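Sharing a structure, written as structure tokens. Questions coming.
Naming follows writing order (A, B, C and D), and every chain is counted from residue 1.
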């Protein structure tokens, strides 16, 4: 089973990378751009058929390693 | 309108980060983990109501800056 | 004094800091991250480098290692802990220090000598410096842009938990002499009990005037006394 | 699979080369064998066009332990210490993917150095880009610089010197050359020569993926149903794994268990295994089922031609397997016995219980094609640059323009992305004549530098060759080092073009003459041909990496003025040669003059005298004079020290521009205390060394009569503004 974790910085945490990319795009003339933030996308393949179990395994990974809960939040998706 | 770009490394391209994260999780006892690859997730807010136009603006950003087409591929999603 | 330097895969300032410690008369031991036991130590140093390649988040993977559990235990019982550069990042990831170290605001690796002002010296790491001393240390990092929430920032400022801030040659502290975008120009912080210091600049690179200068010696000597 | 003409050509082999393969094998090769031949017989691995010329280079002096032919060159620096170093190009990969191309270039050269038993202690690089206005340049420049930093910073080896240059000749073909310098114990140097039969051949490091598999071979008729998938996969560098691999190898090297060791560089497993067997006059047998693979269903062809990074091949002494395995396990790296040495003198490959390839080792190595290609001599341009006939320009305007030009503006924005201090032994960082690295825990140091002069080499390859070696030598002298040996990276165009081949042949003669005269031999190097696109060859760009020894740490120098009111002297004679100079290039956009000639006798005498002055501790600062002439050299001394200088016009001055911008060779600037002046004057006169007084240092102002007066601060701003403007950070 394949799942994806999307990790983003919490709203009130500064995102220097997103800021620079945003500015660069605006300088390139893309005027409709209002806001841009960068996060991580992690694709995980598990040897597990049960969706619930897979989900909880990934949840566990997030809490133990993948996500820094102080500054980041995450979503898990089946893909 | 808000869109997201998911950027992943092409299939045969080495993902050193993913490999190390994978090994760490396995060492932490998560045995069902078969494979892990890390990508980027970019959230973009546009001042644009037309979905088609928004999509093509983001497509343009991807080609011009966000994605390194030599080693990466991308998907655009409405969120 | 007994010191211990923890070595992770990818640490690369471990030898440098050991050289500095030995030169300044610490009895130093190196400990590999897979070890479960810490030798008796008065000071534990988590050195700079790229533990686990900085992959995922810098410091994240090292923070989960066996030996860190021992470091946390030692910290709680009052042992002095010094995290330099990647060591600072690791201390943040373990939760021993609060806040976050984000990408430098110019998104580039920055390696240069910077001026620091000693903001607070009433702690075991800085007492050999005078308050408002200006020292010159080298930085070399990708993620040294310190960030923390307002209330914690206030706590740091109010309780004298900020030993160093980036400044210019004359000591003025403003955005122009902030190399990486750190909030309030913070270059290092202490925990509440002031036995843990995390800092981005490298004092171990400044212990020899032939190589650079000797501004880093004050920090190690403070610990010795 | 039937080998067709298309398949042969797509492997980059000529039809007559294919006939030679059939003759050597006494049969048709299979597809895998053809791939292996193409990997070993290409220019990069076989040096088929360059060998006859490279043979002319001097490769020995009393300090050389190992010259060209091994992974890197080795020199003796006294006690039990040896310095191991080499430079290598990664031009084409960096043009395709600048970050990864440059990063893997650094990774590759580091392996060449630690595979011989050295701990790397310094990295250098020479990078050449197209016109800054070319739309590709910015991306390439930023990618390459962060790639070089990304790798070196992570692995923790200081990047201490280099050069960054721009010229339209590199618009479609940038140059990325990386040099690594390591320190070893003279008695524990490791070579690639295999010894003994039935010895275990061990694969260590990263897993093998489809990275960089022979691009050309993929375009053949049978293989284009899915052409998008068939493009070679870009190699991604993993400096973290390299760090582990380096530590593991160095740890294993402390034991007595390695017979021979070789990194897997270009042509991966193929070239490393063939190289080891060839040197040992043995055979080698590999079981491909054992190869640690990253992807599923990899074919023998892919495994043998993969250029995945961070891998090594080791031949172990009997009974040492467990000890060695434990070390690699500690560092979380693969360790697999994949074969053994044999007495068959064949490369023999097994896969799924079948022999899939058998090739005599010598067919791949000593019997590979060798060419003495046609070459034509370069005619020296007849044009004499006569400044009086050129349109009038103002002296200060020319000076400011040059100082703020891409090529001569401050390169801080590059060097501040490199960790220069890690390892704690960097005495002199980038920005000086040469970097100085202390030998850890000892009272001595080495000095290192890289140099090139493409303009000179283009207009006259022979004098250009002499000039770059001399410039390298001069840079080392300027910091107080005794030059010992060089490595060189010869970046040229298409060798099948007689003009290009002529540039190569003559350039080598120039290099040889200077090396011989200065006792400054070549101990390692790399040749990169086929730099160019659509018959547009790049300017010949040989890059010289020099290493010198400093025996006494108290006797070093740099180019920063130390005091005000000291005398400033020029050592060496100024004739005012402007052909191929920066002035003519920048201000008149002319490229057709002749380059300055090097008088090797003067070079040697002046250099030895400067070294004597430094060793005598009687000069305050030293700088060699190179591009931009006296005025730029003085400006650099002011900029780095923030001390000004009052420059005096010599009495017999024919022309200001010629005198101050002329690029005559073998010259130095020295700063001298007034108290020492008479002593030095006498010394120079007694030794017949030509010198002139050029001025006095002063506070704050950089000043030349009525022609130029500016504060050093202002000078600094002029020198620093280019990059921010280029990157759109300021307007």
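Everything that follows uses one rule, which is that a contact is a pair of C-beta atoms (placed from the backbone, for glycine too) under 8 Å apart; a residue touches a chain by one contact, two chains touch by 3 or more.
Everything numeric in this text was worked out from a predicted model, so none of it was measured.
Contact tally for B-C versus A-C: the pair with more C-beta pairs in contact is A-C. If each chain is reduced to the centroid of its CA atoms, chain B and chain C end up 33 Å from each other. Centre-to-centre, using mean CA coordinates, chain A is 9 Å away from chain B.
Centre-to-centre, using mean CA coordinates, chain A is 41 Å away from chain D. With centres set at the average Cα position, the gap from chain A to chain C is 29 Å.
For chain D, residues that reach two or more other chains under the stated contact definition are 238, 240-241, 332. For chain C, residues touching at least two other chains, in rising order: 52-53, 55-56, 61, 64. Shown for chain A are the residues in touch with two or more other chains, namely 64-66. According to the touch criterion at the top of this document, the contacting chain pairs are A-B, A-C, B-C, B-D, C-D.
Across the complex, chain B is touched by residues 6-8, 18, 21, 24-25, 28, 30-48, 54, 57, 60-61, 64-66 of chain A.
Those residues of chain B whose C-beta lies close enough to touch chain C in the complex are 16-17, 20-21, 24, 28, 38.
Note for the complex: chain C touches chain A at residues 56-57, 60-61, 64, 93, 95, 98, 100, 102-107, 145, 147, 149, 181. Across the complex, chain B is touched by residues 52-53, 55-56, 61, 64 of chain C. Listed in rising order, the residues of chain D touching chain B in the complex are 96-97, 100, 206, 209-211, 233-238, 240-241, 294-295, 308-309, 332.
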